[in-house]
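Next come two complexes, and both contain chain A; in the first it sits with chain B, in the second with chain C.
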Partner chain A sequence: MFAFLVRRLLSLIPVLALVLVIVFSLVRLIPGDPAVTLLGPGATDTQIAALRAQLNLDEPALLQLWHYVAGLAQGDMGVSLKSGQPVLDEVLLRLPATLEISIAAVLVAILVGTPIGVLSATRANSGFDHGVRILSLTGVSMPAFLLALLLQLVFATWLGWLPVSGRMSSYLFVDNVTGFALIDAWLSGEPGAVSSVLLHMILPVTVLAAFLAATLGRFVRATMLETLGEDYVRTARAKGLSRREVIYGHALRTSLLPAITVVGLKFAEMLGGAILTETIFSWPGIGRFMFEAIRNRDYPVIQGATLVFALLFMLTSLLVDVLYAVLDPRVRRKMK
Partner chain B sequence: MKLTRRLFGVVSGAALAMGTVPFAAQVAQAQESSTLVIAVPSDPAGLEPGINKAEPIGSEIILNVFDTLVAWQAPDFAELEGRLATEWSVSEDGMTFDFTLRDGVVFHDGTPFNAEAVKFSIERTVEMNPYVEASLGLIESIETPSETEVVFTLSRPYPAFLSILAQPQSAIVSPTAVGELGDDFATNPVGTGPFKFRAYQADTRVVLDANADYYRGAPKLERLIYTIIPEASTRRLELENGGVDIIQQAGQLSAVPSEEMAAFAENDDIQILESPSQIIRQLEFNNSLTDGPFTDVRVRRAIAMAIDYDGLLSGVFDGTAERVYGPLTSNSWAFDPEVMDLAPSYDPEAAKALLAEAGVDPSDLTVKLYSFQGSLWGAVATFVQANLADIGVNVEIAQTEFPSYRALHVAGEWEMALDGRQPWYNDPDAHVTIGYLSALKNSAMTFRMPENAELDAKILEAQGEADMEKRKTLYGEIQKEIVEQVPGAYLFSPKLIVFARSNVEGLVVNSAPPLNEYWSVSKN
Partner chain C sequence: MRELIHFLRRNTLAMVGSGILGALLLAVLIGPFLVQSPTAIDMSAKLLPPGPGHWLGTDSFGRDMLARLVHGGRYTLAIGILVVGIAFAIGVFFGVVAGFTGGWLDTLIMRIVDAMLSFPALVLAIALAAAFGPSLENAMIAVAITMAPQFARVARSQALAVSSRLYVDAAHALGLPRRRILLRYVLINAIGPLLVQASLNVGSAILQTASLGFLGLGAQPPMPEWGADVSANLAFARSSPWTALGPGFAILLAVLSFNLIGDSLADWFNPRRRSQS
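Now for the complex of A and B:
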């Protein structure tokens, strides 16, 4: 296991280097340089040239790459061209917001998707199953922005139960301590802060969870059906175990194993931020930040954020593999 | 089975329990009536006057946290009033500006405002900000004869200097705070303005608190919040729900707000505030071309006469834009009304006759019309295309992404292009010099005017003329000369539109540039 982990962690380095070179070249292939974009249509060439010099964009690309890698080696990811703040600080500032809804969405998806999948499988082809299949197909195929808009209209505008957007009421003032609104609200002790944050989380979490819950439900249904047809399940039944014991004691555990991979990879994907969901709900996460950076041609931010995403993605998938090994003795044996 | 049923119960029960708590109750205790929430589409590019590059959101916040020496007077914005300066005089040669400063003003950090602070702030901006090289860069020396007097000497006459001193780049910063905070000053700005900086949460909001000791009197609001909402539909829902008090359209000039206008016009909870702007949108000819049909002024005039200006305003803009007749908008102090008669007006028959007179067969004329991207520009380009088709001219539209479009435009690889200018300071110089001085034709997106010794000399003379009456006369002559050359077709000037909840009072929409002050605003 230890050797496996070391091998996997070492293999991250060449992958990250490759990601860096690709992103570094790609951002410079997008037409238009940051100085032009930042200054807008009214700027003169003199103003643009002065800004380019200030941002060191007048250096040859290879030299810029060399400086960037030299900086990285010292843990310096450069500064944002737009804000002038260190890229790592900017990324870490927004990561908690994305983590907050991603974790909540994964939990909701597991709590909703798994039981639905199990019920669907155990009642395959019943009315319930058909209904769930239609709903989950809708969940998988409905674009996030459409669902988001619908939810805003119904729950915020028509019913007035939930806020339209943001992380908490504008009238509340909570200091940013951890970056997690829920924790900060609780720490602040301001009356109504925690419930305000919870209310603001419901819609974006629902949108993020809808897709995952639907995917998970369909996946669990399929694996469960497969497992229920296995010989050992028939044996268990033949031994006279109750239907409940067979389903929850034997079949469910086996069917849930592959679901871990699905949930883990989807979670890793979510850490890269959901641009549309974050934009529509004015959620200050990492996806929106990256989108703005690309629009502004903020090279250091695009490079730095991509490296962080790549690292997070690879670490999460490594974690999934480890978890798999912990839960499945067959896999554990193979790793040795 | 029971387990899952229980799970369902818990989940749906929790959702219901939370859903039934009225959202409004959550915020009942907050000081809603003394807090104003303004929705803006993106983060300020910075709150630091020293590096401000005229980005609208950061600029407006700076003008509410800091003060300038002078400011344009509402509601016409045609005359300057004193702020941190009480009076000033300009030497006859237009090169020395002598200011008497207000006594007893203190910065938010408690340190006193004085002549040294003015000298420190302006010199700091000149050093930090290449954007003001051509304006504040003309300063040769700043003298501080006393605590309340400061004298600027320029290297050449530059009457727009006063207007530049009203801009966020010239805001007066606390030298003590800059010294103590260093680089952190950019995220903790300290000025003398009506609001004190409280907090900036990236991608979320900027919070300002009232400065009770403000020298013009404490603001009526206790707190001002700029909340960042990137999506237009979300901003609209928030305003309708009362989650925000104001939506600003400034900096959002790529879409026509007419759909929102129509929805809000019928909503009693929302008021629409409008103000004319100094922004101009035009169809430009590449005036530096040496061959082709557009070198003939008759062809250019024919094109300009083929465009149905009023139809564009009502059909595409639904009343959210105004007519422009020449290089300056009609709300500029230097606007000469005579250009209204000189400007080509819509007359397709006369346009056809002019083309015939110039010996141009419109069916031979196929021309590419370059444009910015976005639905607003697309609608304008299509409208122009249909107008020109009416006189037989075939137009192909090429909408191009901004950085590439700028490169192509500055290189002069085009015949006809849609363009525009939003002046970042209130002076005719901001439109005329950069747009029409032939020496600058390759330096930015301009009309690419050919060399014309007389007009060029006049533009430079007007830029440096210290006598305001003479200056106005000069700009009048320049406007008429330019309009007669038909360097383009002046299409429209978008109005500045602010949507506000109906209980917001006292907001004056500032036009030049569109940066609003909230000192006088209150909520009922």
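Now for the complex of A and C:
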């Protein structure tokens, strides 16, 4: 296991190096002089020269890349052009908010998507199956901003059951201890704080989870159908096991393993969706921060946020591979 | 080909998808001749609810939403196909070259592909579009660049599989130039799965370009692009929901139609799934 982990980590190094080159190149892709573009038409020569110096734009490209990587190694992601604060501090401040709704969305998607996929496969080509297929294809095709808008209109504006946006009611005062609103609300002991956070989480988590649940449901249906046609499932049936035992004891286990990979890969797409979701629900995470940075042409922040999203994705892929190796006896045997 | 058409005609989901796509195509081809200009401002008719005269209502500038939808549809459908076309050309070129030549060039190309696939697609598209500057063309290029690695992966594996076939060996033995073997034998025989991949990607190309439009990185006002229209009307969504919901549902229908067709095509090319559907 240890050797596998080391090999997997080593294989990440060249990819990480190229990821850094891509993120570094982002500012250099700006047409013309990036400093002039970033500062806008009213900028003085002194301001332009100062920004060029701050972004190391006067140096040769390779030296710029070296400074960028060396800076990153010391935790320096540059300084936000808007706030003047270090980008790393700003990103770390907002990371828990993004993780909070993303993790909740993954859990919801697994809890909803898996049973739907199984039921759909065991009732293949029934009315239920067709209904689920159309619904899940709709879920995959739905723009996140449309679903967010619909849910806001129905549940917040028309029915008034849930808050439109934000992270908790404004009259509550909860200290920022961990950055995770739910944990902070619980730690504060303030009455109603936990329920307020949960109510605020429902809509953004639903929007994020919808795409993943739909994808997972489709995938579990497909793998489950393949598994149900395998010889060992027929043997289990021939042994006289009940339908329930065959489906949940034999087929489901095999079908769920590849589903881990799908959850891992789609988690990344979900993180991309966080930019739209957080923007619409005013959720103070990295996604909304990146959106504001785009509006302000704050490139160091765009670079920093892009890098953090990529790192989160790479970390998830690593976790998925390790989890797969732990759970699948065939992979485990190969490693030995 | 006849078998494929027969399969699709018996497939309910494919028929629903084709029906929606056909209706959309008809609307965007004929519609623009029947409605007023999508950019004609009439401040005396702003935010009118759907009704006679303005079937889908008007926006905050008094512009007819139906006119904006049918004109915008032309952009959206063209965007989907153009973006996938660009991604296909870039991805297949590098993928086939990598799979066919092997060696250090293969390693280099595939490592770059791995690195690009290490970003959430929308995040990389947003970062690229932000660097290129906000415009519809730049947004399309950004989405195409992020989509190309997927084609490169499929193209490489296909090229690898095809390269080891006897007829490719025979072509080498006959002394045909490498470029000719690549085009005439490898590419032609690898094209099937690539076309399925392309049909599956049209929907997400539309979705991602619309998302960039929504974030202000795509089409700029007053262009009637659907994603940008949802974003522009968001402020009025609570009092006049039709302004934002109209273009939003139009995107959903367009993406859904391509996904229904793409999904059925994927079923056709996968014999295991074909027998189940």
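FYI, the second predicted complex is superposed on the first by the 288 of 336 C-alpha atoms of A that agree within 3 Å, B and C clash if a C-alpha of one lies under 4 Å from a C-alpha of the other, contacts with A are read in each partner's own complex, and residues count from 1 in each chain.
Here is the rule we go by: a residue touches a chain if its C-beta (ideal position, glycine included) is under 8 Å from a C-beta of that chain, and two chains touch if they have at least 3 such contacts.
Just so you know, these numbers come straight off a predicted model, no measurement behind them.
J.: Pick one for A:V69: touches chain B only (first), chain C only (second), both, or neither.
T.: Touch partners of A:V69: none, neither chain B nor chain C.
J.: For A:L319, decide between first (touching chain B), second (touching chain C), both and neither.
T.: In the superposed model, A:L319 contacts neither chain B nor chain C.
J.: Touching A:L51 in the superposition: chain B (first), chain C (second), both, neither?
T.: A:L51 contacts chain B only, not chain C.
J.: Just chain B (first), just chain C (second), both, or neither: which does A:A222 touch?
T.: A:A222: touches chain C, not chain B.
J.: By the touch definition at the top of the document, which applies to A:S282: first (chain B), second (chain C), both, or neither?
T.: A:S282: touches chain B, not chain C.
J.: Check the residue A:F309 against both partner chains and state whether it touches chain B (first), chain C (second), both, or neither.
T.: second
J.: Quick check for you: in the superposed arrangement, does A:L146 touch first (chain B), second (chain C), both or neither?
T.: In the superposition, A:L146 contacts chain C only.
J.: May I ask you to decide whether A:T157 touches chain B, chain C, both, or neither, giving the answer as first, second, both or neither?
T.: both
J.: Going by the contact rule set out at the top, does A:P31 touch chain B (first), chain C (second), both, or neither?
T.: After superposition on chain A, A:P31 lies in contact with both partners, chain B and chain C.
J.: If you lay the two complexes on top of each other, which residues of chain A touch chain B in one and chain C in the other?
T.: Looking at chain A, the two contact sets intersect at 31, 37, 149, 152-153, 157, 279-280, 297.
J.: Could you pull out which chain A residues touch chain B in their complex?
T.: Its residues touching chain B are 31-33, 36-47, 50-51, 54, 82-85, 90, 93-94, 97, 108, 111-112, 115, 118-119, 149, 152-153, 155-157, 160-167, 169-173, 175-176, 191-192, 195-196, 198-199, 202, 244, 248, 279-282, 284-285, 288-289, 292, 297.
J.: How about chain A: which of its residues touch chain C in the complex?
T.: Touch list, chain A to chain C: 14-15, 18-19, 21-23, 26-27, 29-31, 37, 124-125, 130, 133-134, 137-138, 140-146, 149-150, 152-153, 157, 222, 225-226, 268-273, 275-276, 279-280, 290-291, 294-295, 297, 299, 302-303, 305-306, 309-310, 313-314, 317.
J.: Considering only the defined contacts, which chain C positions touch chain A in the complex?
T.: 12-13, 16, 111-112, 114-116, 118-124, 126-128, 130-133, 203, 207, 210-211, 214-217, 227, 230-231, 234, 237-238, 241, 244-245, 248-249, 251-252, 255-256, 259-260, 263, 272-273, 276-277
J.: Once bound in the complex, which stretches of chain B touch chain A?
T.: Touch list, chain B to chain A: 1, 3-4, 7-8, 11, 15, 18-24, 26-27, 29-32, 35, 37, 42-43, 45-46, 51, 53-55, 130-131, 133-134, 186-187, 198-199, 201-205, 207, 225, 227-231, 233-234, 237-238, 240-241, 243-244, 372, 401-404, 406-407, 410, 419-424, 434, 440, 442-445.
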